[in-house]
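Labels A, B, C, D, E and F are assigned to the chains in the order they are written; within every chain, residues are numbered from 1.
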Amino acid sequence: MNPATFANIPHAHSQDSVPKLMGRVLLALLPATLYGVVLFGWPAFNLLAVTVLACLLGEAVCLWLAGRSVRLGMLDGSALLTGMLLALSLPPWAPWWIGAIGGAFAIVVGKGVFGGTGQNVFNPAMLARVMLLVSFPVQMTTWLDPHPWLSGSAPSFLEGLQVTFGHWAATDGVTGPTILGHIRTELGMNHALSQSVPGHYQSALAAVGWTGGSLGETAEILILLGGLWLLWRRAITWQIPVAMLVTVLLLASGFHWANPERFADPLLHLLSGSLMLGAFFIATDPVTSPLAPVGQIVFGIGCGALVYIIRTWGGYPEGIAFAVVLMNAATPLIDHYFRPRIYGRTWRGESRPIEKKSDEN
Amino acid sequence: MSRHVFWGGVHPPGQKHLSAERPIELLPIPARLYLPLQQHAGGPALPVVTVGQRVSKGELLAKAQSATSAPLHAPTSGTIAAIGEFTAPHPSGLPMATITLEADGADQWIEREPSPDPFDLEPAEVARRVGAAGIVGMGGANFPSAVKLDKARQAKVHTLVINGAECEPYMSCDDRLMRERAAEIADGVAIMLHAVQAARAVIAIEDNKPEALQTMRDACRVDERMEVRSLPSRYPAGSAKQLIQWLTGLETPAGGRGTDTGLLVHNVGTAYAVHRALRYGQPLISRIVTVSGGAVAEPRNLEAPIGALAADLLAYCGGVDTDCTRLLMGGPMMGQPLPCAETPVVKGTNGILALTAAELGEQRSPEPCIRCGRCVEACPMGLLPVEMANSARQEDWSGIQALKLNDCMACGSCAYACPSRIPLLQYFAFARSQLAEQRRQESKAQHIRQLMEQRQARFAREERVKAEAAAQRRAAKQSRVVVTADDDDDD
Amino acid sequence: MNDYRRIFADGLWGNNVVFVQMLALCPLMAVTTTATNGLGMGLATTWVLLSANIVIASLRHWIAPEVRIPVFVLLIASLVTLADMAINAWLHELYKVLGLFIPLIVVNCCVLGRAEAFASRQPVLASAADGLAMGLGLTLALVLIGACREVLGSATLFAQASLLLGQSFAFLEIVLIQDYSGFLLMLLPPGGFLVLGFLLAGRRLLERPRP
Amino acid sequence: MRDYLLILLGAALVNNAVLVRFLGLCPFMGVSNRVDAALGMGMATTFVLTLAVAVSWLLEHYVLAPLNIQFLRILAFILVIAALVQFTEMFIRKASPALYQTLGIYLPLITTNCAVFGIALLNIQQQYDFISSLLYGLGSAMGFTLVMALFAGIRERLALANVPAAFAGAPIAFIVAGLLALAFMGFVGLPVR
Amino acid sequence: MKTDFRNSLGYPMALLGGIALMTSAAISVADWLTQADITQRQLEDLQATLQQVVPATYFDNDLVRDTVTLRAGDQTVIAYRARRNGQVQAVCYQVSAPGYGNSAMVMVMGVDRAGTLLGVRVISHAETPGLGDKIEVTKSDWILKFNGRSLNDPPPFGWAVKKDGGIFDQFTGATITPRALVSAVKSGLEFFAAHRLALLDEVVAGGTPK
Amino acid sequence: MIVAMAALTSLGLFFGLLLSLAARIFRVPVNAQREEIMALLPGVNCGQCGYPGCGGAADALIAGQAVPTLCPPGGSALARSLATALGQTLDSAENGPPLLAEIDEGRCIGCAHCGKQCPTDAIIGAPKQIHSVFQEACMGCGLCVDVCPTECLQLRPQTPTLAHWLWPKPMLEGA
């Protein structure tokens, strides 16, 4: 019997493939990445390179250990994407070993031990980010004011190497808090928001992206455009980003309306931190999010609510990574309980009698 | 009826232009025809002819075994060359029971009584005649049509849906049939309406066949009970369940029948066959087959006798190029791969495709599933194909049944949509055959248990008989002992 | 003798409380931030296992099934409490290191587990051997995991061992990297799980039947 | 009201019994192969934990403290809890076979669940009033049930995945538990009591 | 028969009761035997801690036994008094503060008659190793910076970490711990100011020095 | 001290009585085999077997849903004794497709020995005639093979037919 006869039923296939999908996501990230690199200069570029290389190396080692084709496995581009997303969520002037440890952790512990691409339960990049934050809080919470490439304050190539690979201690001159961190500090001292967040600071600058923060969270507009492009190219579906953004928006509006001095305004929530990146590029990771559209909406709502809770009451100024990883843990249960209704069956899986439908009509 | 939607589905490129623009041509009768005894759902037909017997065109070769079975008729006149085994149109390439007919070239019809006006007949009699003509569903399910008509009448179906969707890529046989023989189809529909006693008929045609829509509209104008509706071109719009959902918003209950919704679905080819059977007394001995694919020199639609080999059809269409990588019976979505071209056309064969590697998509090895959910989105039944495949891989049979593998109609939408080329349908087929095997083993075990019990019972009986015999002997002996005390050494 | 050898082989490796039976996980995760802590906890638990096995094995003919479990837990809890009081009063320096962990032993389910699985069915001597073997196996696991976490997390080994074992054991204390900035993950809750996971995978590779 | 809610949430999420306090790990690893078993175990634990916290609180405040014999606390608690669990199991088994099937069969497992005893002791250290104690017990049990269910869901999925042979089964389960603990660190700092 | 009486209703009861009797007897005896030693050891521990924050030159009494119990808000505070020649020279007492992630930090502080800090030591905490644990004197000398400070040195607004405009350093990456500690020490000093007379055993009327 | 002892002893007496009474009042009929298995199982009730405690494990073992190697705390010794108690062997691994008896018709001499052996009467044939096996009734027990004098009777995998054909399992290199 010729086994080839059984291959590839049906005998027509859509033209999509995993590398194409990953390629699209990478492409959509490119503008924001370039912007981030320009904004933070050579050190940011170095960190990006180190992180991506660590991921690729980790992937190669895992594939080799698993006895799979290293070339084929690397070609799918998922390790590259993990590296990119991880780098984008790091402080841009973090030392090289942050990127290296993070990248290796993401691929080996986040994915390799589960059996490689597609088998992992948690989002590898966010797992690594959470791990780094928990293990190296100092390096992971030293944020930088923008030092755009050709401006006077930008480090030269050699200085860039010194920042990433040498000993460099943050000085108050170059570092500054992100908006969310600032709010947290101020609230910690019982200052009302109206004093601590002056109006002009609010959304305009953040939206244009002239703010300190991680590599990939500054250019909210570029991220949003990339995300919309992904939606249009059908690389992602609308359920997760929309559910997540709407949840944050609703919660933020409600609390802000109740007590504007304690709770930041919704626009600030939407446009600061890495909410956009999280909603369009991270929570949408197909491997670790629910399969079915209903489940995806539940997942998005969960992510949004957790982000808001952690940002507002938790111990960390930003909660995307934790929210995503926590909801990843819930994904199998969501997949278990939120399934599409089967044709001809009720939601509970019993055969669905005809009369009911005519009533509904 | 208002517009509704059906869930899921995919948009494979149609490729219908390859064959749709040429009129139907008649395939010359090949020298030998191979007629498998089971071309329908239900028990195989029982041969009523012997090897060497001469038969005329339309003569009964094998009779229906039971109510759900269908008779088989000679597609042409000739001699029965063999009743044996021949390669089945099945991917395994295993043989099945087949009657071989050696054509004599005369194509001599059997004597036919003139047909009475079908509308004068009792509805049940119409259905009986449909059954006697060996008509089975031409839409692919091969279910004996007479049974469907009878059941539908008993279920008081109000609407007959004539399925002209033809949603499979490449296929254009229904399209050509509707374009060229619309009046005949309309007549068949009217006869079926009579057989079912339904109030109206809806002829549903995908909107990528504007000419067929037009000709059918023209042909149906004569009968106000018939309505022609255009369907969106989306695979699998032609599946009965999805068609019903699109037309009415109703869903066939799981485990129930389509007729539970008050609708009966039949293929246009079936309507045409009913017309031929009831008006002219012609049994089902030929059908329209689309011969297409990039490896076929001149794709076209042929009216071919049942039993002609795929090779005969392909040869008539100019032969197959060397770059043909796969032969299919049926469309690319649901068709069966053929082990070789020497397999016969059966009643349900709507197409023979010879596809090139390029058409099949680049031959990539599967990548890991990334749980993207495209298969879930694509499934018109609302199933979780990826979970079913995972369960099949781990051979978790109770798990896969809980995921309702039974509701899957193997439409292939999920596997079409999968960017990782996960062989979802092979996993389902594997699981199905394993489950079937389990059921077989169970019933076999039960059967064996019965046999063993019977054997035990037989032994017990024999023992008893022996014991009784011995007892009698002993009794006799004893009585004899009374008579003659020294007759001991008898035992 | 062979029997006892098997009991020890089982306890230390073949049927190790942690690696195979997967019991005693709570104290395992809670104390193994250093190898020293692991060692202290392991030794204390060994003592309890040993004495509990002996007491229960000698009482085993008297136990009524209805109250079996309450009796066992009472005995174990009192043994632990006795140990706690004794160390606190007379070995106070040791208590400062171990004190936190001792009450944890009461709820260590491997003690009850051994009582049920072994001591309530076997003679006193075998039970004592079993308790000792299981305890040493547990200690081995605790030290192993503690060492991994300590080396990765703070680049030291057996830090403060001299506090536990006395000055003569100060040589055990090793600082691997002087200015190690610390890998907190390993010292925090997740670290224990991850290390145990990788150790189990390693054990699996070791035990893999060689063709 | 707010305080009560915070006690509940604090016990369930921030100071999760399994992932933060390291209590009840053995059944957490043992009975988490299937979601329904995990939920059954969670419910049984919820019942026992609430009962245990209530009884131990009463014991502490009406027996041990008045008689000034707190040094017997461990002994008394563990005796009472073990006996009550066993009694409940016997009772349910006879009284309601249906309840026994969904809940009661998990009760013997709870004797090896150090969470019950640990939480009862911790609760006394927190010096809560009776209602707060009950909520503390309930919250801890809810946290236990939550992580059991999450973990079991993940393990069910992993059972169908292609985990490398060296990691399949217990090793990957521990790694997942570690990653889950990492994720739960996100709740650190929530203002709970 | 052995088995007979074991099947009787009373046997399990007697067994459990007996075991309970045995164990409680054992524990009681052990308690009785060890009680004195344990108390002694605890006192020694306490003494050792107290001596870290009150130099030996300040007292000639047994300061662990010279205590006064006061109420501060809803908490009771036990203060130990260091006397030389009968006069209270310094007092020390425990204060606690919420640390990172709601865990409690407990420290003792010693204050002399004038309200000047003699020393502060953290005796228990659950701060993150490597971050918040720099408050331990074995890890960093940060805690020694309190020595010699008083409510007016620095002035009240200076009683904060530098990040909040005060004079005390925060740790890199951990502001919460030092912030909480500074404010706890400050309120400890305020407690001293509020109860100065009672603490120094100079109450003329109203107080009940022991 | 007396108080302490009195208090704990009365607690002990009280709960001892309670449990003792409960064991009588709530007695449920026991199953001998279950008791036997229970006596073998460790009684740790840790749940690692995936069943709710040792009781659940015993039930599953008796119902044939579990294999004797189910209990990690029990180790391999327990697996062995459980297998003995349940009358199973430890290596009950499946070995290939089921085999059925098949008669090589060329060599069958019609001795009719095999038919007498077959517990399901699956061998058809009169004495001195060529015998054949009715495969739908054969369970592959092999009893007949030993008695065949010409060795024409062999156990072979079932010949595939359309009705028996099984889809192959897709083999993926990586996924």
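The rule we apply is simple: contacts are C-beta pairs under 8 Å (C-beta built on N, C-alpha and C of every residue); 3 or more make two chains touch, one makes a residue touch a chain.
Owing to the predicted nature of the structure, the values given are computational and were not obtained by experimental measurement.
Counting steps between touching chains, the shortest path from chain D to chain E takes 1. When you average the Cα atoms of each chain and compare centres, the chain farthest from chain B turns out to be E. Chain D has its Cα centroid 57 Å from the Cα centroid of chain B. Separation between the centroids of chain B and chain F, computed from CA atoms only, is 41 Å.
Centroids built from CA atoms put chain B at 50 Å from chain A.
Between the Cα centres of chain B and chain C there is a gap of 67 Å. Among the residues of chain D, those in touch with two or more other chains are 26, 29-30, 71-72, 75, 79, 83, 86, 111-112, 161-162, 167, 171-172, 175, 179, 182, 185, 188-189, 191.
Counting partners per residue, chain A has 1, 6, 72, 109, 113, 116, 118-119, 131, 134, 137, 315, 335 as the residues that reach two or more other chains. For chain F, residues touching at least two other chains, in rising order: 4, 7-8, 11-12, 15-16, 19-20, 22-23, 44-46, 48, 167-168, 170, 173-175. Those residues of chain F whose C-beta lies close enough to touch chain B in the complex are 98, 119-122, 136-137, 139, 160-162, 164-170, 172-175. Residues of chain D touching chain A in their complex: 35, 149-150, 153-154, 156-158, 161-164, 167, 171-172, 175-176, 179-180, 182-191. Residues of chain F touching chain D in their complex: 3-4, 7-8, 11-12, 15, 18-19, 22-23, 25-28, 44-50, 52-56, 175.
Touching chain D in their complex are the following residues of chain B: 387, 390-391, 393-394, 396, 399.
Those residues of chain E that touch chain A in the shared complex are 100-101, 128, 131, 163-164, 172-176, 179.
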